[in-house]
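First, the structure itself, so that you have it in front of you.
As written, the chain order gives the labels A, B, C, D, E and F, with residue 1 at the start of each chain.
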Amino acid sequence: METAYFGRRYMLSASHRLHSEALSDDANRATFGKCNNPHGHGHNYVIEVLVGGPVDAETGMVMNMATLDGVVQTSILQRFDHTNLNFDPLFVNRVPTTENLCREVYSVLKFVLPTVKLEHVRVEETENNFFQFYGE
Amino acid sequence: METAYFGRRYMLSASHRLHSEALSDDANRATFGKCNNPHGHGHNYVIEVLVGGPVDAETGMVMNMATLDGVVQTSILQRFDHTNLNFDPLFVNRVPTTENLCREVYSVLKFVLPTVKLEHVRVEETENNFFQFYGE
Amino acid sequence: METAYFGRRYMLSASHRLHSEALSDDANRATFGKCNNPHGHGHNYVIEVLVGGPVDAETGMVMNMATLDGVVQTSILQRFDHTNLNFDPLFVNRVPTTENLCREVYSVLKFVLPTVKLEHVRVEETENNFFQFYGE
Amino acid sequence: METAYFGRRYMLSASHRLHSEALSDDANRATFGKCNNPHGHGHNYVIEVLVGGPVDAETGMVMNMATLDGVVQTSILQRFDHTNLNFDPLFVNRVPTTENLCREVYSVLKFVLPTVKLEHVRVEETENNFFQFYGE
Amino acid sequence: METAYFGRRYMLSASHRLHSEALSDDANRATFGKCNNPHGHGHNYVIEVLVGGPVDAETGMVMNMATLDGVVQTSILQRFDHTNLNFDPLFVNRVPTTENLCREVYSVLKFVLPTVKLEHVRVEETENNFFQFYGE
Amino acid sequence: METAYFGRRYMLSASHRLHSEALSDDANRATFGKCNNPHGHGHNYVIEVLVGGPVDAETGMVMNMATLDGVVQTSILQRFDHTNLNFDPLFVNRVPTTENLCREVYSVLKFVLPTVKLEHVRVEETENNFFQFYGE
């Protein structure tokens, strides 16, 4: 049975400050530049979720969009939208880069989406830079 | 010889109603929500075609864009643009989901594009959801 | 007191067929081209609403975004989203062009938004054509 | 002499928390919703500047783009990009809504752009909401 | 009778070199920077045309889109698309800035569109800068 | 160790004329159409670079964005931005198609980015056509 892919894009607004406890203040400024500003800054992140599976013969769908929307709303958007990422437990000992956010979104969705294959998670930080994770 | 990929995006406007003969009226409403409204609704679909092959040494091209445009115009846009998808023979016994539209566009183009490899067809239903098919 | 302007964009998917009872079949085809196809076709419309007023000193806002969202949801999106425009009472004796949709959205919002000034309604039919109405 | 208009778009990333000292905690939550979350959240703002004037016969320009870029860089982006807006002196006694940010950008640019007419400043908070100010 | 506005966007690819015969080589480099590079460079320009008029009661339109497309195709795109602007007669004694291109498009369309009011022409040079002309 | 992917988009404006020395004038016009116009034409190209690697535990990054920006600025943008591609040594005996530009950008970046894996280079010629190269 051939696989079709369904992608869906969500927006969330959050702030973060890039700062590593493992680095000196100078090294932090050198590494993260403006992103190390003490009071943080923010982004409109686009979260793109791509799932794959056979097309159901009765419904013509890979997965019901309302189901995916519900799962992402509950597990991702309620947790991260309109928050400061540095205060999320995930980022207590980890720099809240978009790479790390992308991996976390992938891990969470992998766990809560058991019946379709999660192909990738893509997080766009701005319209000119983005991150992708395939779990491999 | 290395492969290069050429992608091209086309727009088509069409309407559809999601309704499965295999389901009761209640199950249809539960499955398809607003998309089950009796009189249908519509979209501006973006059809993205990606082909791959070696770059021709004389022309510097994977494939002539005018050729691809002609093929897509004749085989896809003349058939689907400004139509109601439910009336296409393809959808007599099949729900006109974008998954199914995407697979059909892939099948048709696979057949009429013999000299390059058709890599994928992607159909964007709105700017926030899309479908992809690779023929595998 | 100076005026600030707040704009908000909404998306709705709907289908329509352009056909005028005042014209012969030939004149309809000549006037509306592919848009006269009997089974209709559809669009993802973007509805842009622009309101103007003084910035409230306490809240720093022209108008609460949640309020505007509620008004547009109730008066516009519930009525038109995922529908066939030709079946709306507005279009019994009127061609469902986007010009006419734009005027209707303006009239409805003018009536239900009494405390701010409705500056314009803009409806984008595709990314390459749009309509605007200022009520004058 | 006829007027031509030159528009330019800049991006800045910043965080803010919407909270008014003039309101109770409950009223703040009711008014600002998720935007009142204590640790703030962020956006990629687009700042659009529109200036107008005659087209110079020698250069064919309304205004040199490099000049405008320099002015906006120095007076707006260095101050607001990658910051938390709540810590800007402007927002000590004012809610950092995008309406207020838009007015401030207008005021600053009006002052530092003496030789062309500043027509408007538009600030897009997300791709679906924006604010405009014309100084009137 | 109230006025409705119809906007339409066209794309054209062209090259230009910004260089003024009225300036020395040094002044040209200082004024136009990279845009003064001797061999020219290019853009995908978006030409937006906005016309206004009453909505026709029979057709529901301000102006037939196919008519506008034909006029713009014949008078603007055939002349400028896939050309080097510096070789157009318009630019023999004038710098081919986008300000000047915008004014010319306005003048030409004003002349060939007698039955509707041409409201503005907007030319986007890149997604971050644009020019507008209202004929006043 | 799992791989994360970091993508970054850059814009460059350049002109080109598609013309092959290996073809007659008639064959050139038949092959390249409007793109064979003698004086050339231009585009705003988007260059998308995708790199992959493990996420560094200390910095939370695949690669420092400022480093990538510097490399692309020096090796790609300074060479191609605001130029006529036909005058680049690369295109002395090669047609300056976007396929060939894409391959060259890939080759150059492959050479100067030794510590991360270059996954792909994508070049968008217009918003409706693009090219990708993976080095295979």
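Operating definition for what follows: a residue touches a chain if its C-beta (ideal position, glycine included) is under 8 Å from a C-beta of that chain, and two chains touch if they have at least 3 such contacts.
Bear in mind that the values here come from a model prediction, so they are computed numbers and not experimental data.
Repeating the D-E interface with over half of its contact pairs identical by residue number, the matching pair from C-E, B-C or A-D is C-E. Ranked by distance of CA centroids from chain D, the top chain is B.
Computed from the mean C-alpha positions, the centre of chain D lies at a distance of 34 Å from the centre of chain F. Chain E and chain F have CA centres that are 28 Å apart. The centroid of the Cα atoms in chain C and the matching centroid in chain F are 41 Å apart.
Each of the following residues of chain B touches two or more other chains: 127. If touching chains are joined by edges, the resulting network of the protein chains shown has some other shape, matching none of path, cycle, star or complete graph. Every pair of chains that touch is listed here: A-B, A-D, A-F, B-C, B-F, C-D, C-E, D-E, E-F.
Within the complex formed with chain A, the residues of chain D that make contact are 11, 13-16, 34-35, 37, 39-44, 81-84, 86-87, 126-127. Chain D contributes residues 18, 20, 22-23, 31-33, 94-97, 99-100, 102-103, 127-136 to its touches with chain C in the complex.
Of all residues in chain E, only 2-10, 50, 55, 58-62, 64-66 touch chain C in the complex they form.
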